[in-house]
């Protein structure tokens, strides 16, 4: 009885594909909704600074005079709060994560 | 589900606490939590929440910062952690806690962080 | 992944993290990501480990513990800060009990962003850490 | 004459995934007393209310714990909605329920794996976590994050799940249910598992009540109490009974969690069948006033939020009593009289979540 059960399990497992998806060899495909990192389409940006005010970790810095927008990826918690608040809808959430770095600056 | 604190709160005097709690214990109530907060006048406001058959009741009272509050851990043992926590974070003195950590439950960078200004 | 010259062993310490990055590190070891393919083993003993993976920020109470684990590890060693809390303190940066990132206490070699850090980026980060380890080996060999 | 020794247990210990410290007073191999020491993960996030606006506190609440993150966000939003006060659309309530139950299934599978690891059943650990990944994939597909969902906000939810996707979730859960059944049968029937769990860490019904145990720890001792019966979110429209086991040992607690996984899957099915259309969020205006008290059932037990507001952008007090905090006194009770080798299993049997506990 036990042998039959075991044989059954083994044949079933042989038909299944591996649970592991071999990450670095096979690239990961992210879903559309995945929150990876924030990107800016700077053409539309009016540098209003709402995202800077909304950001809970103060990762975003907006300079209205010099017209620049910077984000520190090592501070961003990918909450996508800035994307929700952007009045021109020029911020978007990309579904790829930002890569690791060996130094902070 | 709407559960405003005001609807379930019962205001008591600090010295009534032990009697009320033992009454609630006798009724078969269960301690849910003890919360402490600072009021505008710099007093401590304590909230003792009890529950029985999904009915909640919050005993609340205010004490001045230098007051001593009697522990309820002799009646509900589980209160000892909340009381030690309140002592460590707020600096409110609580007498006769069943297991008294003497302020070593949390080692924080600032002493009594919830009562003082921090970074 | 044939370019991995060494099979690094890893010790994981949970600073004051929210568990998110923590379980993602564990998830790396389980069938879907399975870093044991590369010979990476999660060990509990600092003396066995080449890589110290820290999740979560540093608070008052765990500074001595992190220092202790770091000092017990043998040279050369690599420290990886996993998640935003470990790199900069994250959303808890302004809390009274949080000192900031791990680099406040010990030198960090690789920073992995993400809240919570994805297993893929943890694997990438560990591979990057291996490069650092390789270089340190070379330097260390010259010193001897 | 037996010898007394004190063994320090933790914070960095191979069986502990998280830092907690216990001083175990031993007489030979028997534990007579256990004294906890916490604070290794203490961040002090309750004081963040002074720095963050109330809407941002949802992000903070979400990061109290990475495993029960969604239910923390849900409770926090619920409390703030209560203070404002605003009415949340039905569809958002249903979506919250679905996500909460998804997070419960993933949390319980995670725990089952860790438990298997604690009694040395490596293969079972791997299988539990393999199945858990499938739930996380569904979560990522719908909410956008793996462990930190990030889909809840004050006034509703941030993303909608299309009806086709909802149906797909149910189909995936149907398949998953069969696979979970295979694994949980091993937990329930295998003699080696029973050897490690039956009659270990027994807590009576009276103790569970008096010591204020919560969640599966309490229900494993025969107290039928589940805060979901309070009827928050969409639970008022769904049919379910609290899961109860009476033995009060680690085996009973395991069985409670196993049955809760299937209960959650059933709740998801019910919710998907009944979900109405309509908006998913309402506009939030004004600042909160007054104080609110919320009790919500998490995977580990009920979490109690006590929020106080004074009409400004920042809340006045943000107090969270998490399930593991309430489960520590019962744990100390269970540890008294057990053997040293059983300590890891008993500590894990309450499903400790230290980052919740210390906030």
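Each chain gets a letter, A, B, C and D, in the order it is written, and its residues are counted from 1.
Everything that follows uses one rule, which is that a residue touches a chain if its C-beta (ideal position, glycine included) is under 8 Å from a C-beta of that chain, and two chains touch if they have at least 3 such contacts.
On a predicted model such as this, the values are computed, not experimentally measured, just so you know.
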{"item": "Chain closest to the assembly centre - both centres taken as Cα means", "value": "D"}
{"item": "Selected pair, greater C-beta contact count between A-D and B-D", "value": "B-D"}
{"item": "Furthest chain, CA centroid comparison against chain A", "value": "B"}
{"item": "Whole-Å separation of chain centres (CA-atom averages), chain A against chain D", "value": "25"}
{"item": "Euclidean distance of C-alpha centroids - chain A vs chain C, Å", "value": "20"}
{"item": "Approximate Å spacing (C-alpha centroids) for the pair chain A, chain B", "value": "42"}
{"item": "Multi-chain contact sites of chain A, meaning residues that touch two or more partners", "value": "19, 56, 77-79"}
{"item": "Residues of chain B whose C-beta touches two or more other chains", "value": "106-108, 113, 118"}
{"item": "Residues of chain C whose C-beta touches two or more other chains", "value": "31-32, 59, 61, 90-91, 94, 96-97, 115, 118"}
{"item": "Pairs of chains in contact (touch as defined earlier), listed by label", "value": "A-C, A-D, B-C, B-D, C-D"}
{"item": "Touch list for chain C against partner chain B, complex", "value": "59-61, 94, 96-97, 99"}
{"item": "Of chain C, residues touching chain D in the complex", "value": "13-24, 26-27, 30-32, 44-45, 56-57, 59, 61-62, 65, 69, 90-92, 94-98, 115-116, 118"}
{"item": "In the complex, chain D residues that touch chain B", "value": "35, 37-39, 42, 44, 46-47, 82, 85, 209-212, 225, 227, 229-232, 236, 290-295, 302, 304, 306, 308, 316-317, 319, 321, 325-326, 328-330, 358"}
{"item": "Complex interface listing, chain A residues touching chain C", "value": "19-25, 28, 56-57, 72-79, 97-104"}
{"item": "Residues of chain B defined as touching chain C within the complex", "value": "106-110, 113, 118-119"}
